[in-house]
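Two complexes come next, and they have one chain in common, chain A, joined by chain B in the first and chain C in the second.
The block that comes next holds the complex of A and B.
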């Protein structure tokens, strides 16, 4: 490995992406938090006299096919995207890490649990997700379960590969010789070594879950369409795309900017936390 | 090599068995009685009883499970509850657009993404590299269905370059006509895969050229072009091949969304419609069939991987 010296300004270059993405994300989180202040109208208020309006002074992004203010719906929509994405990824990371530690550490668990997870991974994701939601019945809780299940195999595999390389290291052997229990070794010695890849995975996972959830809402699966959410807005506007593309346009831009910020954040963190990968 | 192939196929069969089990139990966890769900709350009790009998729901679960496995292995995948045709016939009539769309998008992604990644790695830290990296991040962040809808408006409605809806079958318009009708969906869905393949190729190239053997090749005076395109490229491309498998899986599985945007009557649409009609036998078959397709492509790609990089051992 060649060593590269840090040039002046390299520090800034190293952190610039994390800072830039962080500012954008902060704005999006503020938008979600202060949605009632920012929104100009009630996002659920239908108005049959003002349907499908083009952007104007009263409605800065126009109105949808029920006369609801699009700007307000997009502002409120950020809440749904962020809450779902964060909940799913926290759950998936916690469960996936436990499973990963288990299958990496115990051979018997590897045989059983990893087989099941590999099975889930072999299934076509979107089709599997809509099947699972239809079978479970719609509702936010079902959507959360479904998106978590879809994320588990990847995280478990990631942790498993880390565990497999770490558990052969001397300090683990040393802990074993000192009589540490398996549980203690797993959580106290091995888990801290896995944090960097998990942080990176968590950040990029947030963006990916927003995309998956938007695809499901676009198909009309999962969320109640009355609750403002970005995928749902595009679903309701898709039949009008040939006449009023702005209805889909703004919501899609909102998704894209958010996902982009998360993925740049993930890349930036990767460079900082794991310099071996570029 | 033969040993590798046999081991790989064995693993896939095991995986398929797990998938079959998952699919079997997925339909059994429907809250309440599936027959009542399918026919609705106010169906006659005799009808519900008949459907239960037809679906074999009256047997104990282990008996049902063994019967399901046996039927699937024998090739008897059951009949659709919606139109009473054999499920496989329904799938076959919808296969053409979906498979063509997947092949088309993957080809676009590979033909554009991989060279882009190679160039970005070659000119590392140049303006071209930064631009490429940034735009690939943008491409990966845009939802495919949204890109598709925007293309419908700008390329289809405004510029009238491509048809906005539907699919021309090969039998009607020839291969050219079929590809023409699929161009917009293919481009819209290839976008994020172009980006991810470009990034992955770039990372792999950078990884490989920092290896000692590349330095040795340079030190013994080989031309830079030969070092780069002959020694480094082959080793960098091996893991990229596995990533192509991931793209195929996402595209084939995500066909539902693409087909909804562009009104294409393919397998993805069939999966969606079957679910809306509560046609669970059809949906079981849809899932299983797509999984088999995916497992088969993955075996093929792993063999290619092994050929490119013989050091790979079976995990």
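The block that comes next holds the complex of A and C.
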């Protein structure tokens, strides 16, 4: 198959979403990485004389109810959101893929593990996460575990459905006829065929996890509220939402832009990677 | 063709359980039901039958890709069913299979070189891919493909070329037995002959034994030494090509043979038309499987017929053989 030369217009139309979202995401990652340079104040420094200030020259986005600089908190908050989101999704993809392969390949595993995963899926995600955190106790590590568990069933199901169709293919049967081990068939024959749905799932999962994590922080069950994070900022500002809506607004905007960029990235990647949609 | 037995299958059965409700009786799809046949070293045995008559299931059972429900299979005198782990893996490289669909037989993300190297790596004949390279070149040359193809992906090839790659892969471990499961039915007619000729050439060169599954009777006549006719999971007739094509005894075989289109023949008066559909293999007729569609069926056919040797090596499973079907037809 020869690669067709694309007109610049068609090329742009196909990749525009990925490129645009990529630029936005790059900015956000840069912001997280260079947070100490960008931030104007120490995000943890309380200042009781300057509480709840409106945006001014000293504080671009104003201060919160403890007098901390909002802009700096949002800049530092991106670090927490991104680190948690990436860690959670990497863990969930790795574990979920292994589970999915196991479940799709072996019937006995399907009966046991899939029932458990479906049980998790049956509960509303937030409620389940809150319950899990209440049981485990709060802390970044607990939050990571909880968010990973919440993400597992979807990924395992995605991989399982791929495995179910691929394992009936004749190249798999041929490998079996040659005496290939189950592990070899799973990782060398089946897994490479699952990569594009997984890449898509990973990108859109990053956005979703930021959202879930922010919701949990907003509900007060996520992180230590002193650590700057977007959900926490909204949580602390919610009492003043009628008087000073900008406090919620800026953090909400940060979440919205990031999640939107990840979703558009995921959608764009799906259109490029999925040959059926071409 | 010698008289040395390579594969001997005795009373092989493969029943697939049907999903049942709680207290229901367990039912089975009897895909292969009591088939016994012998494969001699160096011969080509054709397996012919309608779609769904269990040809492919039989082939997969003989390779132990699926476990038979019952019966015995010996390979080169050794019991194949009892074999486990290492011993079985040692045998696997001696038998290979070529599937019908060359498109799904090749892993779309592997390069041709990797695809052909895989059987050698799996069976631990070679340790690294680099060690396999000379053999890969040799194989590509053997099936008539260019050496430069090793770094290409399967989607860059046509159906015929893909089937050549599949054959090269099957030959990688130097097998004795090659089961060809309708290897040419997915190819168009012009390429079909090339692949068939290639198979014949390879058999001569490498002294291969073929089990050739097909529903194309003219291909089977051209390629095979012996033919087995299957219907609803059972063998109806087995014999040499001449015995079957010149002197078919079973009414089903006769009907099949009369359905071969012939050049220049315009009237279809000589055709034997079978009525009705093939019964469900989950609920096959008792006794002779073919009796619901047989022109000569009598009350005796409700009993299960035994295989009768009408000529040396020519077995027919039919009650009417003693009476002589030929005379009835006349």
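Note that the second predicted complex is superposed on the first by the 267 of 278 C-alpha atoms of A that agree within 3 Å, B and C clash if a C-alpha of one lies under 4 Å from a C-alpha of the other, contacts with A are read in each partner's own complex, and residues count from 1 in each chain.
One rule holds for everything that comes next: a residue touches a chain if its C-beta (ideal position, glycine included) is under 8 Å from a C-beta of that chain, and two chains touch if they have at least 3 such contacts.
Computed from a predicted model, the values in this text were never measured in an experiment.
Enquirer: Overlaying the two complexes on chain A, which is it for chain B and chain C: clash or fit?
Expert: Verdict on chain A: chain B and chain C fit.
Enquirer: Once chain A of both complexes is superposed, is A:238 in touch with chain B (first), chain C (second), both, or neither?
Expert: first
Enquirer: Considering only the touch criterion stated at the top, classify A:183 as touching first (chain B), second (chain C), both, or neither.
Expert: Neither chain B nor chain C is touched by A:183.
Enquirer: In the superposed arrangement, which partner chain does A:132 touch: chain B (first), chain C (second), both, or neither?
Expert: The first partner, chain B, only.
Enquirer: Write the angle, vertex at the C-alpha centre of chain A, between the C-alpha centres of chain B and chain C, to the nearest 10 degrees.
Expert: Rounded to the nearest ten degrees, it is 90.
Enquirer: According to the stated criteria, A:124 is in contact with first (chain B), second (chain C), both, or neither; which is it?
Expert: In the superposition, A:124 contacts chain B only.
Enquirer: Which holds for A:259: it touches chain B only (first), chain C only (second), both, or neither?
Expert: Touch partner of A:259: chain B, not chain C.
Enquirer: Check whether chain B or chain C contacts more residues of chain A in the superposed model.
Expert: B
Enquirer: Thinking of the overlay built on chain A, is A:19 touched by chain B (first), by chain C (second), by both, or by neither?
Expert: In the superposition, A:19 contacts neither chain B nor chain C.
Enquirer: With the two structures placed on a shared chain A, what shortest C-alpha distance in Å links chain B and chain C?
Expert: 10
Enquirer: Both chain B and chain C touch chain A; at which residues?
Expert: Shared contact residues on chain A: 1.
Enquirer: Residue numbers of chain A touching chain C in their complex, please.
Expert: Touch list, chain A to chain C: 1, 169-171, 173-180, 184, 189, 192-193.
Enquirer: Any idea which chain A residues touch chain B in the complex?
Expert: 1-2, 115-116, 118-120, 122-128, 130-132, 134-137, 207, 211, 214-215, 218-219, 231, 234, 238, 241-242, 245, 248-249, 251-252, 255-257, 259-260, 263-264, 267, 277-278
Enquirer: Can you tell me which positions in chain B touch chain A when the two form their complex?
Expert: 14-16, 18-19, 21-22, 26-27, 29-31, 137-138, 140-147, 149-150, 152-154, 156-157, 164, 203, 206, 210, 249-250, 252-254, 256-257, 260-261, 268, 271-272, 275, 278, 283, 286-287, 290-291, 294-295
Enquirer: Under the definition above, what is the set of chain C residues touching chain A in their complex?
Expert: Residues of chain C touching chain A: 60, 63, 65, 88-89, 92-93, 95-97, 99-101, 104-109, 118-119, 122-123, 155-156, 169, 173.
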